[in-house]
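Look for subunit A in each of the two complexes below; its partner is subunit B in the first and subunit C in the second.
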Partner chain A sequence: MRPRVDLHLVANTLRALDDSAYFDERVHKFTRHFIGAIEHVLASPGKYDDAIETNFAYLCRAVQSYLSGSTNNEIPFEVVFCLTDALRRWRLSDAAIVTSLTEDHNFHLKPLDPWKFIETSIADYDAEGFQLPVVMIGVPRIYAHKPIFCVPLFHELGHFVDLKYRVTQVSAILNPTPIAPAGFDDLTYRMEHFADLFGASFVGRSSIAALEAIAPNAPASITHPATAERAALVDAFLAGTAHPTIDLFQNALAALSLPTLTKVFDLVDVAHDFNDVRTFVPSSIEQVYGMYDSAWAYLFNAIDKRLNPWQLSDRRDGIVEALVNDLTEKSIRNFAIREAWHAAASSP
Partner chain B sequence: MPLLQAHEIRRRLTLTSQQRLYIDPLLETTQVGEVSVDLRLGPDFLVSLLTRKPAVELSATRRGVSSYFRATRRDVGQKFILYPGQIVLATSLEYVGLPADVYADIITRSSYSRLGVQLNTMIQPSFRGCIPLELVNHSNNPVELVVGSRVVQARLFSLDKKSPYQGTAVNRKYLGNVRPVVSRAQDDADLATLGKLGG
Partner chain C sequence: MLAATSMDRNQSAAPFHVALQILSGERNLPEKLSAYMKTVLLQAIGIVRDPSTINATTLPEAIQLALDLQESTELLNAVELDAKGDNLSPGTAKNILAAERRFAPTR
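Showing the complex of A and B:
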């Protein structure tokens, strides 16, 4: 439709969304300020270039879908809890994660910064000092309550961190020798490798195992390295083996005075507890990260070997999947509850 | 069927054997009372809706039971309003594992019974999952519940013989549930037989 008509429609939807509940209060403020920016544009016909209004309308439609998927009823709370901690470790606590639940099977990061657009293109809108970078990630709806299957989100978060700090661009300046084959896009190769390593630093091999499940034997393309090549790099990283591609990212991170890529997760084994249909109790957030890898291995080992330690009389893969994902989700949720409880109980 | 007392409940909470009583998270040790364990209200709800259908039917041509409920979530510490006459399916905040020689009666704590919130359900030995809470407000006034508050208590009874939950011939319907699920009464096998009798 026409941009200004769409802006009206989006503003109405956002007002309705603002009546919903978000776990993150900052998202409410973002919604209200975003409505304010839309109303500001609508109140001044002809003030802004058509191109700005068109781009703003596109941006608003995108933002709407991510805010819709971030209400209490929709957001994959447990995974977002972990991603939020990951952002903090990369000095990006000021950013809020918003999720769009998609009907396809792909995870994605929307490389947009809505607030930056408002600041630069609608500069006379007075946001009264409000600022909020948002991480706009897409989650397939069928996986919203399947934390094990959400491990690709750590890869997507790696893209956000990369875009925020321009890690791969800096790496290309410091180490210009291409890592992609001739004729292929070297920068996107670096971006994919960096995001793979970022994901693996939090959730171990499950991050690349997810890729192997989604795109097994995928050959190299113009923009993406082959799955086997990506897996080999992650395996080298996890094994602590020296690798020139890892080194060039570490050099860039050091030059940017950022944390280096290191294993954040602690190895755990959920089998003893999950075999008895009990939650796993992580003693630290590092163990929460470690759960993803352990639960991934546990689930697919049970499916591949048709295991039934739970003595289910009706052992179907779908029942096994639901049981293991639910135990993982509840284990993370309980960790978050304990953290929040102890923080509240010890505060004055 | 002796009622477990505080010292036995605490002892079983520390075990790692099959006699273990498992409660995660047990946010406060004071949840263990003299003859019961207080359990907290979980964050997920299925709220009953009024529909055009005259009744919830369990026949083969029924409208699905889940269509009579709407899911909603709260954070711990947030409020949930329970309206008079409304049934709301929730769960305990805690994930519970009962030993094979213990079953539990779940009842509303006195403080909430006095507000009109009633609940009385039995949990099988060897149960695993969040305790299902079928909340009904019998008073004239809406009641504000806080997610994470101690709404119900479990009275635990030991049995002479172990009673496995998972390994029985008939698969248990609600094993390992971490959020409320609607009734699966329509899956009861004897309904088919009864259907032939009823014509």
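Showing the complex of A and C:
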């Protein structure tokens, strides 16, 4: 299609979406301003260079699919609740997470910054001071309400933080000695290692356990280190062992005046409650993060060993999986509701 | 998490990249985009000359460009020369586009 034709189509779709209830009120404002920017471009034929219109149309098509997946009916609330807190810790509390539910099995990140583009390129659109960085992440539909299986999203969020600040590129400028073998892409190696460490800082070893489950024994590729190498680095980080690759990132973070990579989660054990088929009651958001690792270990232990009460089920893995993921999801939701209640009760 | 996806930079929609596309086509930049490009250029040159100039206010695209410029003295010299004027020449813009990295991890 031609860019201006696509802009018409996207604007119509966004107008319909704006009648939906979004998880985050800021997304409503974002949608309205986005429609405003599109209408401005459509009302100004010939004003903007073809390259600007073409890139804007591409950006609009991408944004549309993520806004569609961010309505209350679609969004994986519990995971987004945690990711939003994680962003806040990386000085990105002004960013909103929008999700696209995908039909494949891959989590992904769309590395685009729509508002930066509008600010610099759609120069005559008056946004009245509005700004909202959006984090566009793709979540497989079958995992959207399976929080234990969403741990790769913390890795993806690590990519977003990296691209936002260019942490790994700064590490390559400050410490150019390659960490990848000769002939392999050093920058993407750094990016994957950083995202692994970022994920592990929030959800502990479950982040790398997910990789080991998806790609056990995967060898090094041009762009990705071997699974064993990635796991070893995460294990060193979690053990507090000094490692030159970790130091590279900490130096880059210091140069950018960003937080350092440190363990955010508190260790918890969900077994006592989950064995009674009760939700776990985290006392802090750090314990919520700790739940992911504990629930991951608990789930696969329950499937493999059929400990109480799971030997009483009809032994189908799916039943155990559904119950453990449900317990985890409801534990997070209960915490989020309690937090919202306390915030409302303490506000004047 | 598993695969680095080759990102088509023609569709990356990053402002600096769009500016390069316009300049390489020998067209003029809008005023705001021109000012943004100039800031990116000057910051990138500064980083190549002295990496300790990287700080919390450095533009992400300047860091990206600095990394590309580090790999080619010829390109760095051309950018430094052009940065003394108002904009990059079409030839330099094309050379930067050609030097941009081909991979960006999205998974």
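One rule holds in what follows: the second predicted complex is superposed on the first by the 341 of 348 C-alpha atoms of A that agree within 3 Å, B and C clash if a C-alpha of one lies under 4 Å from a C-alpha of the other, contacts with A are read in each partner's own complex, and residues count from 1 in each chain.
Going forward, a residue touches a chain if its C-beta (ideal position, glycine included) is under 8 Å from a C-beta of that chain, and two chains touch if they have at least 3 such contacts.
All of these numbers come straight from a predicted model, not from anything done at the bench.
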Per the contact definition in the header, classify A:334: touching subunit B only (first), subunit C only (second), both, or neither.
first
Contact-wise, after the overlay, does A:2 reach subunit B, subunit C, both or neither (first, second, both, neither)?
neither
A:59 contacts which: subunit B (first), subunit C (second), both, neither?
second
In the superposed arrangement, does A:192 touch subunit B (first), subunit C (second), both or neither?
second
In the superposed arrangement, does A:277 touch subunit B (first), subunit C (second), both or neither?
first
When the two structures are overlaid on chain A, which partner does A:311 contact: first (subunit B), second (subunit C), both, or neither?
first
Figure out whether A:255 sits in contact with subunit B (first) or subunit C (second), or with both, or with neither.
second
Larger contact residue set on subunit A - subunit B or subunit C:
C
Which of subunit B and subunit C A:105 touches, first, second, both or neither:
neither
Intersection of subunit A residues contacting subunit B with those contacting subunit C?
none
Which residues of subunit A touch subunit C once you look at their complex with the stated criterion?
48-49, 51-52, 55-56, 58-59, 106-114, 116-117, 119-121, 123, 152, 155-156, 159, 163-166, 169-170, 172-174, 176, 185, 187-188, 191-192, 195, 210-211, 214-215, 218, 223-224, 255-258
Subunit A-touching residues of subunit B, taken from the complex the two chains share
22, 24-25, 27, 71-78, 93, 95, 97, 128-130, 148, 164, 166-171, 175-179
Subunit A residues touching subunit B in their complex are 21, 23, 72-73, 77, 276-279, 281, 310-314, 322-323, 326-327, 329-330, 333-334, 337-338, 340-341, 344
Could you pull out which subunit C residues touch subunit A in their complex?
1-5, 7, 11-15, 18, 21-22, 25, 27, 30-33, 36, 47, 51-52, 54-56, 58, 60, 63-64, 66-67, 70, 101, 103-107
